[in-house]
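In the part that follows, the structures are each spelled out as structure tokens.
Both complexes shown next keep chain A, but they swap its partner, so chain B is in the first and chain C is in the second.
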Partner chain A sequence: MEKGKISSLQMAMILYPAVVATAILLVPSLTAQYAKQDLWISPMLASIVGFVTIFIAVRLHQLYPGKNIFQIIEETIGRLPGKLAGLLILFFYIEITGEMTRGYGSFIVNTFLKQTPLVVTIASMVFLCAFAVYGGIEVLARAAQFFFPLFFIPFLFLVLLLSPYFQVHYIEPVLADGWVPVIKGAVVPSGWFAELFLIVFFLPYLTDKGKAMKYGILTVAGIGITLVTANLTALFVLGPTLPTKVYALMNASHYISYADFFENLESVTMAIWIIGAFVKISAFYYVIVLGIAQWLNLSDYRPLIWPIGILIVEFGYWSLPSSIELARFESRIFPFYSLLMQTTLLIIIFVIASVRKKGRKKLGLSE
Partner chain B sequence: MKKLLLLLSFSGALFLLGGCWDRTEINDLAIATSAAIDQKENDQIELSLEIFLPKAFGGGSAQGGQAGGQGITLVISQTGSNMADALSKLQGVLPREIFWGHCKTFVFSEAVAKKGIIDHLDFLLRQPDIRERAYIFVSEKKARRILEQKTNLEPYTGQALLEQTDFGIGMRVTMQELDEMLVSRMQSAALPYLKIKTQKKSEEEKFRFADISGVAVFRKDKMIGRLSEERTRGLLWLRDEIKGYTVSASPPGVNGVVSVNPVSVYSKMTPSIVDGKWRILLTIKTDGVIVQNSTPLDFFNPTSLASVEAALQDSIETRVRESLEKTQHQMKADVANFAAEFYREYPEEWKQVENHWPEKLSEVEVEVDARMIIRSQGNLILPANEKEGGEQW
Partner chain C sequence: MIRNVSKLLKHTKGQKSKKEEINQAASKPQDPLYPNFNDNVEALRSIYKDCSDVIFRSFSLFGKTRAIVIYMEGLSDVQSLEEYVFTPLTKESTDPPSSLSDFLVHQLPVAKVTKIHLLADCIESISTGNPVLLCEGQSSAFSLGLAKSENRSIEEPMAESSIKGPRQGFIESLQVNISLLRKIIKTPAFKMRSLKIGTHTQTTVTLAYIEGLADPTLIEEAQNRLNGIDIDGVLESEYIEELIEDNPYSPFPQILSTERPDVVCANLLEGRIAILVDGTPFTLIAPVSFASLLQSQEDFYQRSIISTMIRWMRFFFLGVALLFPALYVAVTTFHQEMLPTALLLSIASSRENVPFPAIVEVLIMEIAFEALREAGIRLPRQIGSAVSIVGALVIGQASVEAGLVSAPMVIVVALTGVASFMMPRYITGISIRMLRFPLIILGGTLGLLGVVMGFIAIVIHLCTLRSFGEPYLAPVAPLQTKELKDFLWRSPLWMMNRRPHLTGDYNEHRQSSHLSPNPKAGGEAKNRQE
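Up next, the complex of A and B:
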């Protein structure tokens, strides 16, 4: 079905923006609402979820080499329950991809194109992503590879340009209220780390499977460092006002001003966000159509692209009434939903699979 | 056939490139450069905007006298029940869309400041296109009048205030900083205070201008009083914001004054709680350059240098103490942000006084350790007025 092959590094370059793109804009203030000045510790705790997800996904793939996730699920828990679990995963992905495009669309509409109808921003992004998905995994990987520096370097520049405005003393006192607020704050970013579940769809198409674990772990570390940096940048610039902002880094970038003319750099933040959102939505979109094709044993996933695209737009447009509701979804529902449907599910499958494999070995049965 | 379709779809995309709903041409914009908020009767407010006149600017050089003062900007006002209401009425009388991207000065009148500014700030912070870097001021009388003042060097008042503030003699507070002050534990704020001053140009012609004189002090979001210019300097030493301002002192036992320009200032607050006594140790380290010496002191003599340094240190300490006396004890406003210092070092103890911080604040003992080091004496080795000891040529 998918004949393309990508390298582990390319996979890492798809996964990194797929998690970070939405996280750097929303996570700082959502985390700050709980953890306050300790918000930089939260992503470190949350990254445990990422490490667990990557580790289990790669191990699972080693237990069942060459099989896709739906085949693995069906082998471990049986055909019918397996199909049902697969349906749940796919439904989850369609829904959150819808919400993701909604997040993208409402960011654009709220901050820049105020007169533009929301559906136009959502539909044009999905339309663009559809082309990338149509190209298959290799095109997706190449696009991610091309956009990675365009995503990463402006982010670094943003942090660098903001550094003269840093008020480092905002970080103190460390852990004034103990660990509980920090752990509460970690729940939000852990929902984003759970999205690394995407790796299970890419693993079968790697040319260098031996490096998958290494690059997976590197991706988690990279995401962790980026989120800590984003959180600290927002904290150092905005201080106690951070929890009140919707897009904290956006507000922080308003603050850049050099020599009275090098200012108003929010367009850079917007560019980072759009590039990241493109890679992110494309990756999820690809996983959905590939997943459905695998789940239904179709010979090609391409005919699914347009109908699924319409579904994503529908979910993006209709599932939430307002951007207030969207923010509530992102902070209160998404983390648990995401953890449940991705990491928790993966752990359950892995436990069952390893018990079964061991049981078979004990009985001396061959595969 | 396929090529033709491709070509058609590409040409179709061209129509999208022009942008769609949100295209704005520069000649559809009314660029606001400063805004003023005044209190009206029946809880109404008046919002005044200084709008940039592009025509006046373009023809400025040819018509000479046109530029400067009101020539380049226009001030318009509307009354409304709140900022949003007044703004929509303002938009109603303007043929162009108001653009906030260049609005870098906001002036609240004292009457508004006394009623509380947080509701107005909510509007300003909520709009994505209003700059968090804009400077905020409080004006003595009507804020609109500040915008109407003529300027000489700068094209309009908003710009003049900006440049003057950047100079660092008075306090500088951006919208973001004001927001930080209001949500942080200090529960108070300080904003630069504007007065309109008059100076005689000639016998009959008078020149009025907006002058930054001192700060307005806020408890929560309500103005409760103000500090004189001298006391503002003390506050700036406390907040480590002093810049480009000359300190003068006369050493004991000699006639005349030595003036020093601070080159670099570093001040730091160290909180301590010993036996339930809350203390702040304020360390101020200043490196300075002598700019004027009207005493007969010769600075090659280390003792006279030390006596000058000591006198300057005392003068800084007095400034700081005077300003603390007023803010900490009389107004009970924590404008120096002791709260953050204590919270940082003593989060547990802080939680116990959190609810009655203004009362606790006046009990905090402040120790000032000012240190002045003179790094250079300019181009003169000996004082210009030296009489005794020096040989006559």
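Up next, the complex of A and C:
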């Protein structure tokens, strides 16, 4: 199946952009719609979901070392229900990757290349990701590692260059309406944190399994800090107008102007963001083809790459009629869908698995 | 990961060793020499029929025994042959030595006399320039080490000149090249394995490494790959390179070729292997990473801070050579808002009369530049200057004045060209220049999106590459923090205590760890106190 091995650090460098890439674009305005000026607290609350997901995923892997998620599910809830649950997960991932590419494509088409057909942007990106997926987990990890600084450092620069335009008083009043709007606002980013479920697919291929928990927690913390920073930056620059903007940070980057030369840097922001989107989509794409191969007990996942790629393009192109529908999906449906299919499912399986293991130990049965 | 590599290496071994046996069986017929003198001479005469350069010189040994010396004109030292072989042997002596064979091997004043028993060995000896002596009553022949070859003298390497550092370059003779290496690395642990490749050229190819520094699996893998070669002729080390590299379709070289002995030695000391090929000044080094293609020998002959600065310039210009024309096209075609108004106006006014879109304009200029470069290399030097005049005046100035090309475009193309020449290895510059064209087309069709996608595709390709098992993008991806000290910057020599880790086992320590110059702790302080 997959013979490559990656390190925990590489896994963290895949997971970080896999969550942050799209979150950084949409989360500031989506949380602002509920939490208003308290939007910076919401990602902190949402990161609890991330910690729980990582913790359970690593513990589950320790209970069943060397087994993939589908084998674990089948062992805990039985063969047929296990297969069905696996199918649900895989279907969820294909659909969500389709939405993701749609989000990517319509962002490009709406903001930059207004005359380019949507399908061109989606298909070219999926094609590129297929190229990376074909190389296997090692190539994916190396590419993610190479791109990590190219994605992360410009983000820091963006915040730094925007800092003169910060109006810190926008943050007041803190918690004016109590905790309820903040918690409502936290639901949206928690959908993104649930995507850390991807870690279960990478855990069996780690060279240093002992460090998986450490780097997993670091990833969640890194994502949390990044989202809080992004939210605060958007809030400080845009203020009360923030909820009306779709791509808040992108709008904020328009404010940058130095020495009459560094201005209108949205295109640069887009270019950098494409790198993040690439890592994200190829991570999901890889997980889908690997998952299907594991689910069907195939010996190789590579023959699945092209058919699944076409499926992803179709889901991206046809599953949503318009950008308005896409926005509605991202704010209303995605968080709950994502939480249900990833974190909740993981918790259920973990509970069943640990009860079963304990029961066996009590009965004195060897594994 | 390393474990996988060594598994992979082991996997290929079994298949190749079989082929090697067959190879050897085919090229070396095990026919022994005939016991009869006349039969042997006849056999050799029929083999060398119609070879006008092979001389059969008969004479009588000590005036009694019939003998013959066979050699190739021009490959053997005729004067020495005359002086040290014919003169003592044709002397009519009253008491010939009791054992002729012992006499020839031990008392002939020639540096190397070998007894050979096979016909094939005779042929090999003759064709390498060593005369063969056959005499009546002897079942074996004698190969006399009197080969002589015309070499050009050792000169400064043409393709890799440097301001500071040794000025010797390899030449076309393998023996001289090996001696140049041996002059630098004197330890007996410096080993060389030779083999002959090419059915017709029988070119000597030498695999050189330092025992204890190079990983044994790496040496074995290289040996296997070399043994697997079955080709007509080897005229240049590129022939070997193309037949042993990991990914033959990649635009990036996965084996480094150099004509500098100091570069080869530096790499041998880092645990790499070198493959020397007779007849070419270019030596191959493996495994290499992308990082080593961006390094120059002079980085280590200069102060570390200066080298670091030059290295950063190189990284920057690597980006320029690859992306600048594509970015120019993308920005002027799709993202004009990125440019400051003043700059945008000046570009727009210079483009006003240009009849082509930016992408066509840049492609015309880039292709013209490549043509000029290629023409300049192939032409004799006297005409080469004419090409550069034509290039500078006609293509540059005249096309701008005629309004066919805008002036900023000429600047972009010129800067890109200069940037690609910043690459210390010529071959790297070429691969970068080649990849520029698809990026220009992507930039002209999808704007920045296209450029970024092209860049991502190149990085993915680099991530898949391996050179003899070593990941090509190391030490960046996979990240090897300890080795960044010789990639992102050039640490002072006393900080580079550890050898870079290639594949498999390695010898970790390069030098003693207290080399940091420190006058307070060193001898100077003591002297002052006294």
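We adopt the following convention: the second predicted complex is superposed on the first by the 367 of 367 C-alpha atoms of A that agree within 3 Å, B and C clash if a C-alpha of one lies under 4 Å from a C-alpha of the other, contacts with A are read in each partner's own complex, and residues count from 1 in each chain.
The criterion applied here is as follows: a contact is a pair of C-beta atoms (placed from the backbone, for glycine too) under 8 Å apart; a residue touches a chain by one contact, two chains touch by 3 or more.
Small disclaimer: the values here were computed from a predicted structure and weren't measured.
S.K.: Go through the superposed model and pick first if A:Q62 touches only chain B, second if only chain C, both, or neither.
M.R.: Touch status of A:Q62: no partner.
S.K.: Output check: A:L113 vs chain B and chain C. Expected answer is one of first, second, both, neither. What do you get?
M.R.: So A:L113 meets both chain B and chain C here.
S.K.: Residues of chain A touched by chain B versus by chain C: which partner has the larger set?
M.R.: C
S.K.: Quick one: is A:V139 in contact with chain B, with chain C, with both, or with neither? Answer first, second, both or neither.
M.R.: In the superposed model, A:V139 contacts chain C only, not chain B.
S.K.: Check the residue A:E172 against both partner chains and state whether it touches chain B (first), chain C (second), both, or neither.
M.R.: Touch partner of A:E172: chain B, not chain C.
S.K.: Please indicate which partner A:Y255 is in contact with in the superposed arrangement: first for chain B, second for chain C, both, or neither.
M.R.: first
S.K.: Looking at the overlay, does A:S163 come into contact with chain B only (first), chain C only (second), both, or neither?
M.R.: In the superposition, A:S163 touches no partner, neither chain B nor chain C.
S.K.: Would you tell me the residues on chain A in contact with chain B in one complex that are also in contact with chain C in the other?
M.R.: Common interface on chain A, chain B vs chain C: 112-113, 116, 120, 263-264.
S.K.: With touch defined as at the start, can you tell me which chain B residues reach chain A in the complex?
M.R.: Counting only chain B, the residues touching chain A are 20-22, 101, 125, 128, 131-133, 176, 179-180, 183-185, 340, 343-345, 347.
S.K.: Per the contact definition, I'd like the list of chain C residues that touch chain A in the complex.
M.R.: 1, 4, 331, 334-335, 337-338, 340, 342-343, 446-449, 451-453, 456-457, 459-460, 463-464, 471, 473, 476-479
S.K.: For chain A, which residues count as touching chain C in their complex?
M.R.: 3-5, 7, 9-10, 108, 112-113, 116, 120-121, 124-125, 128, 131-132, 135, 138-139, 141-143, 145-147, 207, 260-261, 263-265, 267-268, 270-271, 274-275, 278
S.K.: For the complex, give me every residue of chain A touching chain B.
M.R.: 110-117, 120, 169, 172-173, 176-177, 238-241, 244, 250-251, 254-255, 257, 263-264
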